[in-house]
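Next, two complexes with subunit A in common: one pairs it with subunit B, the other with subunit C.
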Partner chain A sequence: MGLTMDVQKENSMIKQKQMLSDHFMALSQVKETGKKVAYTFVPGNLTELITAFDMLPVYPEINSLQSGMRKKSGDFIREAEDVGYPEDVCSYVKCDIGMMLQGNIGPTDQLLPSPDILLLSYTGCFVFMKWFENLRRLYPHAEIAMLHIPYQADGRVDPAAVKYIKDQLTKDVIPKFEKVAGKRLSDTVLAECLSRSAVAEDLLMNVFESARHKPSPIDAYFGGVYYIGPIFTSFRGSPACVGYYEELWKEVQYRIAHKLGPITPDGAITEEKYRLVVEGPPNWTNFRDFWKLFYDHGAVFVGSTYTRVGGLYDYGFRHSPDDPLGSLAEYCLGCYTNRNLPQRIELIEKFITDCDADGLVINSIKSCNSFSAGQLAMMRDIEERRGIPVGFIETDLVDPRYYSYSNIKNRLDSFFQMLEQRKELQPRARVIA
Partner chain B sequence: MMNSVADAMVRHQQTDLAASLDQAKGLFNDLSFAYVRDWKGQNPSRRVIGFLPIYIPREIIHAHGMLPVGLFGAGDRIPVVKGDAYFQSYICHLPRTVIEMALNGNLDAFDGFIFPAICDVIRNLSGIFQLKFNAKLIRYLDFPQNFDPEVGGVFYRTALRQLSEDLARLNGVAGDVAALNHSISLYNENRRLVKDLSDFRAASPHKVSAVEYYLILRAGQTLTIEDHNAFVRRVMPQLAERDALPEDKIRVVVSGSFCEQPPLGLIRTIENAGCYIVEDDFQLGLQWMGDPIPDDTADPLAALVDAYLTKSTYSSAVYDGDHPKEEQLVAQVRERRADGVIFCAPSFCDPALLDRPLLEKAMDRSHIRHISFQYHENLGQFHVVKEQAGTFADMIKLWD
Partner chain C sequence: MIVYLGIDLGSTTSKAIILDPTGEIIGRGITNTRSDYNVAAEIARMEAEFNSRFSLLRRRVEADGGSPVEWARIFDLLDSRFHFLQYLSRHERLATAMTDSIKHDSSRADLAERLQAALQQTLEAIRTRFFDGQVNSTSQFFRDLFSATFMRMIDKFDRLTFDRLVSVYDRSINPVENQIISFDFAELTERSLELMPAETGIVWPLIRKYLREVAAISLDPTDYIGTGYGRQLLPFEEKHIKSEILCHALGAHDYFPETRTVLDIGGQDTKAIQVDEHGLVTSFQMNDRCAAGCGRYLGYIADEMSISVSELGPLAMAADHETNICSTCTVFAGAELREHLNLGERKENVLAGLHLAIVQRAFALLARSGGARNEFTFTGGVARNAAVVKYVSNMTRTNYGELTINLHPDSIFMGALGAAIFGLRRKGAHA
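Then we have the complex of A and B:
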């Protein structure tokens, strides 16, 4: 999300880069502009609410992943370990805290402002709570607002949970924001943001659903992380965000019309050999290498669960100005890792069916229990029911010590062999949809 | 003559004590849950509900005529074969022995399982149970992290009502107001007894070893509440009668082991290395409520909700809001007149390990000495712990 790297640039990418650089510029100028800053998390975030208060959001996870991409995470993690953070906990937390301890210089080499409010809104992962409990001690002057999102244990949005979230918003979160912002929430501004969110969400879904085409015009994982950048972070609900997705959708339509495959750092994929679905976040420290391991084999990801971690639109959910707080609540509840394992499996199976995938890859992240605990059970279940090959690999998000190129390559080589054999046994017409 | 009668009495009590402790040890070791199967066999309406750490309101299960049984993994008592195929090496150990037991049939007598919201591993373990054992009742209990009665309280009440309805469907026992009040009173009694025992241990740690204390409490995760109350009532005077002299040991609080349990050998090692454990969080769920819960109200569910919101102990699984956990640990150290803190947490345990730096810092600020190590439930070698704990004890004895 919000990545910067040297790949073939399209207009949408240039646009995203500009949006990010403007955002970080605005962050670096808060002393002059007097804007307030809210630190918060990606999954189920309340960007529209933050924007409606005219505040600037900062996402510590994004800083961590950016540090991973920029090869700085190893250093930050060591810094955090030096002050007592154990080796085997979520590396995002340590990377963020390490960065803060080394002066809080963000991904654009500009100083990140301290938070005026920590919005402890967490969905699908308990570590977020621990993370902000720690940050709260490091930023004692920040206000802290807790928004607890219950788990979708029964595989449905429970009305009691929606009520609970709305009650928290009205009785606790919004009053704290009003105090920090020094102004009341404008229902009109919030509703406008939510309308724009819905437009962008439709466009994003067009992009993701384009993977049904053969060849797929997009890579729903490695490309997908760029596509979700604006919508899952600071921009959802803004006109710029809508503009980005309009541009992106135009590009994807062009590729569909010309039967072009996705663009990789080494150019467009010319022959789509394998269509894959992937479960789990990517590795950031060796992102390009990792991607190459797939595109070198002509493998394209047509479905990815990670790109639903900040919000899931596949079953029709859209933010709505008609019920602002209710739709924010439903959004938070629906994020991928807030769904139970049978629901996670159902989504993967939907990708496999809808996009006619040949195999599933699980990238199990060493320090992320939220995703990883349960993946082996999911793998067995899908293998048994779908009979498709599953490749299981292990990496980490931003801890470079846990990326072993040769191990991953060995495992993937056998996985691709399996896919190849299966193809020979069951040749399928690669029809262009 | 008098002396020999007194001696005989002491001998008799000690034999009783040995038998009681043996019983606790037997329960701990019995992974086939014979006691539980026995209890269930006595009446066709009886149901057994397993629950994962740390806390659940066992009163509700009891009020439905069921037996709540705490599942804390199997420690080092079974080899993990199937469990390793379910959990990657970088996930804590507890869920793999739980799944191992479930797959091996050790939990066949259980009719349902409740997974409290404490961490991502327990949360996803509930999903694995949904996939593998969906013929049984599988429930996830989400505790509110908002403590406003009108917000978190309302949500929690709905969750408890739903749980109660689910349980009622299992055996047709509705669990009315009188039944719930009665259950609350029995659990209040248990909390009082456990508190007495814990105060006794803190006052006379030479009379009850850390392992014995642990086993007595741990029995409470299997026995019916009536049996455990009787058990603790019986064992307390027997411990008090013990003829033992205090040794030159330091007093420590052990913190961080609230879920996956340390092996008995590790607890013993800490003690043998020169430390009296005067407070620990091994069986935190039994001590979750600091004060008794009203047991004579017209709305006992409301009493349970209020207890969660206002009487819960601090823990790594609960947002500490305006009551920083550091302060609570410092208060505990002071209250127990402890010389130091041993942070002892399972490997890969995010909740415990992410609390550690801030707790350590608070101990430094309060000039409380501390050491830290990690374990897993089937750890077999304790040399390192022995050395660390021994050095810690020596250092404190030398300088304080």
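Then we have the complex of A and C:
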């Protein structure tokens, strides 16, 4: 049984790996193939639009996080600081700029092409704007298109906002893409992409919602960052993307049927002791170390907000070929980074309820001023409303200087003991049969 | 007898608490944390054990003695003699180590005789100074007491002698401090009785009547828990170790069941803890990256000003206003302090400003954790500092209104107490 399972697990992993290496290969060959390149951000990304033009997307945050995982970010950040970026600037930005300054060699050790267009989809974080302002200085010949997404201040998708975004798309973004691509947008191709997106999105939601099972077959945070890989990056809307999620969902179903816990770098979790929800991205520089701090205690994440940064499907939104631009607009409006604090709290509460979680962890990011700002208020709100223990830790995305193992461990030790105490009050066995 | 032991290995002090099966504290022990953490823990435990025996002894004589004796005073006196004798043994060991150190230092053989004479003269003077009733379980530790007196006394010698003696002391104190000296409770108590004022002679027979019995009681803990900054270094199994956050909360809850917020300003870190009606922690915030909001800050300032930590509070209380200290960094605060002094500011005022600064830092952390809710308990080593207490009380009132603020003379023992209660609560389970 174990063998079958391992093979199945590897299938989706292998698929994703292959997809990534194909993508970076294609990026390294644009000189030969003549393909055009768009740099853009993950939150509210317009991947279908980019692929409909047969262009290749590059996501600077993804490159930064990959550099973090490959232990290169420290170097890149120093490089950026050398040219004058101060200490408290978002470490994604510094890592990305440092990488470009050192020759723009990407995560697969292949040269990344310069952008033909910078598509700035501005969703919630002001830093995005400054980031591309700086990229523009590095790539003065790139076309620049800005898509302004109004913040969901009153917690709903405003039809006027949808219209505002559609107008920007038709009047500015699409014409600029047509100019760079040298061809007109094909409505049919875009619609096909969007239909495939919806299929993949359904499958991804099946995977995420499987965390409601006990034991949870997935880790919605550390595993989750792999699950969102294809959908939030270069692949949404492609047949390969649908194929990946079909494979993944098959594996997860197998795990549900056999009551298997999620797989960690040290093997599958055999006893699910704590079910946790988490707010904030993971730390990338010490990803495994960080993960281990949790799975060593039998802690499984059943919900994470970070895996909704690219877009949010939990309330029913799916891309739709029926109203292509309208659905792109709604997608951008709805991604996690564009939501207000009450909406963020609501989502966390939904995870806690749906998945019957024992506690909440907040990983506050030292250099991300944008999303760390409201976290303490969110924490207090949830604590008061739900009465569950909240553990607050601080790390950084890709700046290794801000990862202090002993400080995090010390806090988590206390947090796990807090959870343990509650369990002693209301014992619930979760031993996997 | 059945007892539960809690040990809190802090960065500056190590504390131990012994509980009887009803949860009543029968013994408290405290010592300075030293480089060998196990020795620190063991000495704190021994102190708590002796202290327990005195409690048990007192329970018996009180139940027996029909006469209206002031047992509290008698036992204070006894405790003071008991500690004096312990200090004396340490003193002798240190004296030997220092004498040997001069003997074996061949680099300045020409000085040896002069140094030995100066040393012996000083040691003799310190030896007699110990016994002035100031020594007891809660006063300063041997190291502090000795070094303060020693430094003051050798100041009168010439520069060279002074420097050599300082280095002799530095070389000798650590090895001596990291030794465990075992004492026989009954014997030491007997010797202590001999040193008591003659007028107390009337109660000695009653004490002696129970002494052997109490000395023979086994106080091996039924269960024990270690906590604190150095808990991972204790030679305890995982199940005997608990986070200090939970222990502090539980200790505070035990004294003050209505407590919902605990602020602990420790040596190396500051913690703001929110706790529920069962003493369970609901959330906490910790300042563990910067010393500017914790006890070490005051230690650093004391070093800068060449005064002892215990003098800081009283001096700051004598201020007429608080000098505005901007620096949020421990190291830079030193420079700022010197600058203010050079500009002619009174040192009391500068110290008051520094005390205020550390409390402001701690309150920023408290705010992060959700603020102070009823009742608010303030604990940790610095809760003994009157100026810190003053600013904590003021800021609590200004920021959170008229809250009940709990302070307890035992506040330094909260972590150890919580640890012991954890042991008690799971009685039977892991014994």
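Throughout what follows, the second predicted complex is superposed on the first by the 418 of 433 C-alpha atoms of A that agree within 3 Å, B and C clash if a C-alpha of one lies under 4 Å from a C-alpha of the other, contacts with A are read in each partner's own complex, and residues count from 1 in each chain.
Throughout what follows, contacts are C-beta pairs under 8 Å (C-beta built on N, C-alpha and C of every residue); 3 or more make two chains touch, one makes a residue touch a chain.
This one's a predicted model, so the numbers in the text were calculated from it and none came from an experiment.
In the superposition on chain A, the chain among subunit B and subunit C reaching more residues of subunit A is B. By the touch criterion stated above, A:M129 is placed in contact with subunit B alone, subunit C being left untouched.
In the superposed model, A:H297 lies in contact with neither subunit B nor subunit C.
In the overlay built on the shared chain, the residue A:Q417 is in contact with subunit C alone; subunit B does not reach it. Using the contact criterion defined above for the overlaid structures, shared-chain residue A:E383 touches subunit C, although it does not reach subunit B. With both structures placed on the common chain, the touch criterion links A:R212 to neither subunit B nor subunit C.
In the superposed model, A:N407 lies in contact with subunit C only, and not with subunit B. Of the two partner chains placed around the shared chain by superposition, subunit B is the only one that A:L341 touches, whereas subunit C remains out of contact.
Comparing which residues of subunit A touch subunit B with which touch subunit C, the overlap comprises 376. Of all residues in subunit A, only 83-86, 88-90, 93, 120, 125-127, 129-131, 133-134, 137, 146, 148, 150-151, 153-154, 160-161, 163-164, 167-168, 171-172, 340-342, 344-345, 364, 366-367, 369-370, 372-378, 381, 394 touch subunit B in the complex they form. Chain contact summary for the complex, subunit C toward subunit A: residues 242-246, 274, 278, 280-286, 288-289, 368, 370. Residues of subunit A touching subunit C in their complex: 376, 379-380, 383, 387, 389-392, 404, 407, 410-411, 413-414, 417-418, 421-422, 425. Against subunit A, the residues of subunit B that register as touching in their complex are 85-88, 90-91, 95, 115, 117-121, 123-128, 130-132, 139-140, 142, 144-146, 148, 150-152, 154-155, 158-159, 316-317, 319-321, 324, 347-348, 350-351, 353-358, 360-361, 374.
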